Structures are given as C-alpha cells and as structure tokens.
C-alpha cells in the first residue's frame, strides 16, 4: 500500500562527501514515517530565482521518523547536472522543498524467503531500507554491489551490517572482484537458492538481471530510473513500455506505476522506442 | 464563489474579500485558476495536493478518439526557465476517458473542461458530440488545434485561419449553440489575431492562449536531437512574455471575447499580468511540475495582489492595462 | 586562423588543435563567434574586455539612414532567463557611423559585418550601397528585416516572403554579385523556411537566425505595460530552443546555405548546439550583458568541446545532428 | 580620467545589516585601486543556474586597496527585487562576479571650494569617498542626507567624520528634521556660500536640486539611476535626454556618459519620453 505524498519545506541538516557522492540529510517532518523501501522523493533545485524548474528525484537511503531535529531523510546525490550540483553544494540550514513519498515501493514477500539485492552505483541507496524490512520479516538477504570504481560504490560498510552475505564488483577492480555486478549476481544464483531478486541501477544492468533471473527462474523486481519532469504522474514524460496483467503493452509512467516493475514485464529492448504492439502505437499509415 | 480573506503582506491588518468569480461568456466559474491541458492528467494525481473543487476548473489532457501510445522517450528536455515536451498526446481514447476519468471528476464535484484533439476535422466533431453528452460536470470544451507534437506541421490546424475555422465550425455544429467552446491557439504564427478572429467567427465562445512554442534541444553528448520526436513544445516561464503579448494583442482586437491565458505562470503576480493584459481566466501548466500545490498558491497570491491593488473583484482587473490614463 | 591549444577538462594531458575556421559562402572567418547586432554597439566598449580581432567578426548595431533617438524609457524588462528590449534602433545615422565607427574598427583590424535597417525598401538599397563602399574592414552586410521594435508590424519585412525578397533583391542589386549578404529573420512567422527560401532566391548569401520574439511584460505595480514601447523583443537563453529549431528547419531545407545561428547562447555548449543543428557561425547577444568576456569564453569552450567530441575542424560539426546513423 | 574596467571573480568577505540595508564587503583584486568617487560596479546575481541574467549596478561606498585579504569594495544593498535579495542573502566565501569601475566619476574641482553633498536613501553611498577626495583637496564639505525614515538613511555616523557640517531630514521625522532633503539643502544654500552641489538619489530629488541650484546659481553634479541591462555601454537601455555641449539633445547612456551629469544638462521633465527636439526623434509623420 502507498501513502499519499506530502509537500514539505525541508531544511538541510548535513551534507558530507562519501566517495564520489554527497550524502545529504534533510529535516522534513511528516515524510520519513511514510517512506517504504523503494519510494523516492522529488526535490526542487536552484533556489528562489532558479532557471531549473523541474524537480530532481532521489531514492531514499534512510528515513528516520524521530531524530534530534524531527524526522529526517538521507539521500545519496551523484552530482553531474545543474540540479545535482546545486544540491551537492547546499550548506546546513538551507531550505529544500521536498515532495514524497513517491512511487510504488518494492513489494515485500509474505514468507521468509532468500532474497538477492543488486545495486549499481548509487542504485544501492534504496536497498538498505529494503534489507532491513526483509530481515525483519525473517528473510535471508544477500547483496551484490557494483560500480565503475570503488569511489562509485555506496554503502559497502553498511551493507555488511544489514546483509547475510555481500559481494562487490568493480569494473576496474579497485574493490571486490574485477567485473560486472551481474557476474557477481550469477555466482550467487549458482551457489544459493535465491527466491527473489531486487535491483536498482542503470537500465542495462536491470535488463541483464532480468534475463539472468529468467535463466534461473527467479522473479526480478527492478527500480528503474527514467527521466522525470514531475514525479507525481501528471506529465507523461517518464514512460517505458510495460506489459500489463492483461497482456497489453502500454507506455507506463515510471513515477506512479513504478519505479519498481517486475523485470519480465518491461520491454527492455524497446526502451527509447514505441513497440508496435503497444496500445495506440502509431501505425505506418498514420502520422 | 471562492472568496479568500486577505491580510495584505504589509501586515497592516487590513483584510479584504476579493470576488474571484470569472465569467467566460455564459460560463461562470468561482475562480479564474484552471489547470493547463496535459499538465494535470485528469486531476486524480493533483488532487493529492490541491482541493480541485476550489479552483475554477480542471482542463483535462487532450483526448483523442482512439487510445494513443504517444511518442518514444526521451520525451522531455529541461531548458532555461522552461522545458520541451513531446508527449505526442498519449491517452486512453475517448471511450476509456468517458468511462473512468469523467465519472471520477463528477463524483468529486470537480468542474471540468474537456480538451479534445482530432486527427482530422471530422474526428474533432465526433469527439465534441461525445463529450457534450458526458454530463453536467463537463462545463466546457477546449479544442486543441495547436499541439506541436504531431508528425506533420500541416496538421496544426491553428496555423491557418481557414483550417482553424473549419474545426471550430464542426465542433460548434456538434455541440449546439450555447455550449462553451474554447479554441486553443498556437503562438507560432505570423498573426495570431487573424486566427483568433477566424475561430470566433466560426463559433468559438473564447480562446485559450497559448499552446507551447515549437522548439528543439540538441544533446551535445550524443550529437543528436535530445527528444525522440526531434522537436517539442516549449513551455514554462521562459515563454511568458510571448504569451502575455498574445493575450494583449487578441484582447485589443476582440475585447468582448473571453480569453484563458497561460504560458509560464508560476506565481499570483504572473497570473495578474495575464489578467491585466486581458485574460478572464488563467491556466497553470509547467508550474504544477515545479510545485504540485501551485494551483492553490497562485489562487491565494492572486487574491492578495488584487486586494493590495485595490480591486474588490477579479472582473474589474481584466484588461486593465489597456486603459488609457 | 584562430587555433586554441586545448587540454580537455579531464586533464588527461591530451592536447588538440581545433580548426575554428568558418566558411560562409565566399567569406572565410577565422572563428565562428560573432557579436549579435545591437548587443555590442560598434565594438569599442566591448574591446575593453575582448580582443575583437580574435573573434570571427563584430556585427554592428543596425544602422539607419538618419540619426534616430530610439524609443522612450523604460526600454527593457528582465524576464525569466531572458529580457525584453525596445530600443527602437537608436543610432547616429549612416554618415556619422561611416565617419567614426567604421574607421575605428578598421584601425583596430576588426572584421566587421554591418547591419542595416531601412524605413522602406529603397532605404535598404541606399544603405547597402553606402556600406559597400566603406572599405575592406567591412566583410559582409547583415540585413535586419526583422526588428520587432517598430511602430507598425506591417514594417517587419521578414513577416512575409514577398516583402523580405523585395528588400534582399534591392540590396543585392546595390552591392553587386559577390558581396556577402545575410538576411536576418524573425521567428514570429508561421513558416520560417518559406521566408528563408524567398531571401535566398532573392540573392541572400546566407541567413541570420533569429531575431528576438515579440513579447510583453506588464508591470504589476503601475498596472501598465512595463516598456514605454508596450511590446519588445525577447532574447536570451529563454528563446534558445526556438532558435535552435529555426536553424534546424532551415538547414534541413537549405543545407548549402550558410547560417549564422543566435538566440540565447551563453556557453560553448550552447554554441555547439547551433553548429550541430546546422549553423556555420554563431552570434552572441544578451550574454554580453551578463558576461562582457562571453565572446572569448564561448570561443574557448567551443573549441574544447569540439576537441573532446573528436572534431578537429569546426567545419565537420556543422549540421552533424542531421546525419542518420 | 577613467580607468578601464576589469571583470573579477570576487569573494564575499562580510555581509551585515545596517538599518534597512545590507553592507557587503567583497574581495576583488584589481578593482578597488581603480575606483574614483561616483564610479559604480555591476554584479552578476543568482548563482550558477540563475534565471536573472542581467547585472545589478551599485555605487561604491568604500574601496580599500589593501586589506588583510587583498583589495575590497564595500557596497550598500537595498534588497527588494530578485537580484538584490540574492545579494543580501549571500554568505561569506560565496563568489560574485564583479565588473568595474564603471561610469564617469564625479568631476573634482581644481580649487578648494565649498561643496554641498546631498544624498537620498542609499544614494549617500558614493558621497563618502567623494567627501574624502574633496577634503584632501582642501574643500569644505557640507552634507545633507534624507530618507523616508531613519532606517533608510545610510552612513549618518560616518558622515559626521568626513564632513564639516551635516543636516539630516526624514519624511517621518524619525531622525533629524522632519521634511525633505531638498528643504535641508535650501537652508544650507541660504546660509552658506556653496560653490558646487554633488547629489545622488532618486530622480525627483535630483530634478528638484537642479532647480534649486539654478535658483542659487550653483552647479549641481547629479549621479542618476536608470535601469541598466549591461552597465558597459552596449545595450542602449539606460538612456535619458541630455543636452550636449553642442546644444543638441541626445538620448545619452547613463552607464558610460553618466551616471554623473551636470544637472542643468538633463531634461528631467522629459525622462520617460523622447523630447521632440532630440536628435532623431520620431516625427509625427513617421512611424
């Protein structure tokens, strides 16, 4: 189930570098207690006379209902564009408008299953709350984290605390085994009896994991990352082709129908196009 | 009537009742604040942030006859003080819309303007007839003849007076004499007044000004157009001066035709600009993405500003900037 | 040729020579970076911040036959990511200009494009003839048929193909066959390609795209238009997507016609967007007000970006975004 | 004579409230030593992804060639619009791009004359450097400062230090005599033998002072404040009708031909219109 989102004027509590990322903590009364693992929040950026009007979306790394200063959210920011650079440069006490919780959270199993959590880069951020929730339900949690290099891994220490087993892979071998996180996932699938995979990271990783899951007969729950203008379901920019339970392919909004989708429902190869079978797809004869 | 008790910012303790009633021909709305088509879906999502019964009306995303997938992604690019979109009118088609969206809006008591978009002139007519029969919650039609996100620019009916008039005529024929029809125009024309006149002559009650400007961004990493659809529609505060100008020109030429102004409204002050230029109502689009409470906030700010400037009714401010001193 | 040794940002120690040479028909400039007319006066003031001999050319403020006071103030209003201006072509008239401005530019060795604006078709012809005889420092003419700040919109020659062509024809007749002429077009038209074709058919060497968009701001304190001239021209990054689209459309239709792209260029990346869309040169207007060193900075940033994207010559990047993969 | 302007990335050293204003100190190597009284500087506002591109112009209150941190400028900011609000909210170490010195400074007399300096609101800002320069030349300096209320006066304490005599007037009588600064100026003109008036403040004040100067046969040097887009002479937005030495009225740029004009050269009544006698004024027959 999903909580109704709130819009809250938040205050930055702290901002510190963690590897290639910035870990920011925001006081946002009301929102933390509503967050479920996999929810995201949308932040306005740029201040009073900003030229960048669209909100930026971030997974929630930690949600603290009660802190010294009221409820807080912790977010992991990878600074590259105008908005993330602005967020990464925020100083304590600056205000940030936050909307959340947004999106559908990761579906949790009823039974104490064996879960594999796979994160690419900052895609690990939502997996820690998820691991906590799974372990509270008696699940066994393995985790595989991957990134280009050690500084682009997030939460490896924390990961040891919340998981039963942790694999790390980096492209350059600067931490863990050299290679891709999907290879690490394959090794785990080969040696353990995984019931479900939860994944968050770049689209190609999610696509590859879905294939891998299929190979092993394991469901993969993927948190996707599509470019979003509103984050709340009103603009239709964040769509991707998803096959519904009625077997019809629709351009589904990743902000409200996702960001978590069952991997085998997403037409990964068709992202960036409109598959012919999509409901209402243009016909060659039409404009 | 939505009236808001106002304490001006100065904190002078003065409070005022501003009558926000907006008259659009025979259509009377309790507030001039509307959603812009395509920037509020069919209201459900925004209702989490805004009590939609307090605003003037929800203008729904333009609906077509058949379900429509819309364009491939990327569908948007942020631009300085604005954005480009090329959604391509994704929607479930009129049947599904009348089955699900309208009943939901009606059940919540939300005044609704339905925006329609046809592939050809006849489709506009058939859509209009369907919507007209959809029940009392539908208070007006907006006829989107200006969507830039179609494969063929020749299909932007609002680019030529005769094609614009053709669409409006058939819509008028199909809904009967009294039902309010607003023709939504494109700013990408040499003479918007000429198009406006053609629409009014063809039976439009009023005009919605403006749709997005045709624009484009090139991705300097991929060296290709940033949008899958190559070009897209530019919206947001960046285009506000163009939109205010369009409202000003059309109000000067057709002072008795009700106008719905839109394009880059972010604050009550922006809304006030459109009203002073001649708009009887205003619509909020891109600002909803920036601030999902924008509708409520703008309505409040506008009310405060009207009071501060000595207007006790919205009606008195419409077109005020045209007055000679 | 201006070549800049480039060390890409990554600091990988790679250095590259990028050939920035820009070919505009027979006119060859060492750099594609120009000033936009009216945003650099006649160069003297900017020369305090930029070595004007290192850029492609200075495009002077549009000059008219007689001295001209321009419009009353307020002449500008800041807008989101842009500004409105209604200068009204203030200038000293062609005699004074040829007596003072051109000799100064010539003495400094600054390549100069002179922008001319006539009150009627004949005046354009006479201005062109005068400028043609002004000496070697004048490398081209820009014909401003698109200034929105005239009292009568009917006088915006670039709004109609026939009036645009009429002006270009007489200018061509008056300067002879070889002299480079660029027609400066307005984006406020239904079909810019049609106007572009008319100008090229009438003898334009190339096209300058785009002039400002007609816009307006209402002052919400005085309740009147913010500009004394009521409407004004919208410029700055706000309009960049419209300008890139115009360049894209015209390059697609007329791939061999050299285009000077402008509208909201603030960085080398913005300039690169125009070049990928099909511009052979770019001009910087409003950005000079924000950053008086913008010309030098943009030229450097563009050069670095070209190198980073693997282009050894500007020429190879022109229109690159049109290529099918 | 005039120094060529520089463009320097400045760093905020301090920002403090003074009455209704903010007094900001910026480290800007190179510019302070070039400032003459009456020069102004133009600051970019809003940070990296600003939507407010035009520079904001400010008179220089103090220019310190050598401070602990390098040359500094002190500016007095009256925060009302987007740009001035951004400046007023700046925190130490934030960067601000500064262009200056700009404009023609106050012309200084060769002889040790008796000068009256008149400032309205923050218009007093440039008068302190001017007073110093005049006193260094042996001039006697009287000053009259006026504002709506005491909090909108700037520099009254400092004024006592740098002048021989000080009059203060406020509209509400909250400091000094109740009334307008032009009335205060008239009293001074009536009792002292003033040779020249220097003035900075709102246009109506400058206009009234020019009339007053005419009455007493005293030249009034006025620093005007017109809306500016560039500050460096390239945009033609900042014009006002000024009669030249050749008796021709032109729309003159207040940023490079001013901001200091001899009051009797400015067609004060015509500001906001183009007087018919202006060179190149539209004729009724023309568009």
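Descriptive notes on the structure:
Order of writing sets the chain letters: A, B, C and D. Residues in each chain are counted from 1.
Throughout what follows, a contact is a pair of C-beta atoms (placed from the backbone, for glycine too) under 8 Å apart; a residue touches a chain by one contact, two chains touch by 3 or more.
Note that the coordinates shown come from a computational prediction; the quantities given were computed from them, not determined experimentally.
Touching chain B and chain D together: A, C. Chain D has its Cα centroid 55 Å from the Cα centroid of chain A. Here the spacing of chain B and chain C, counted between their Cα centres, is 34 Å.
The residues of chain A that reach two or more other chains are 51-52, listed in rising order. Residue positions of chain C touching 2 or more other chains, listed in rising order: 80-82, 236-237. Chain contact topology: the protein chains form a complete graph, every chain touching every other one. The residues of chain A lying in touch with chain C in their complex are 51. Residues of chain C touching chain B in their complex: 79-82, 84, 159-160, 188-190, 213-218, 220, 223-225, 230-232, 234, 236-242, 244-245, 248, 264, 269, 272-273, 276-277, 305, 309, 320-321. Within the complex, the chain C residues that touch chain A are 80-81, 237.
Chain contact summary for the complex, chain D toward chain A: residues 45-52, 82-83, 85-86, 91. Across the complex, chain D meets chain C through its residues 4-5, 7, 44, 51-55, 97, 99, 226-227, 229-230, 232-240, 250-251, 256, 271-274, 278-282, 286-287.
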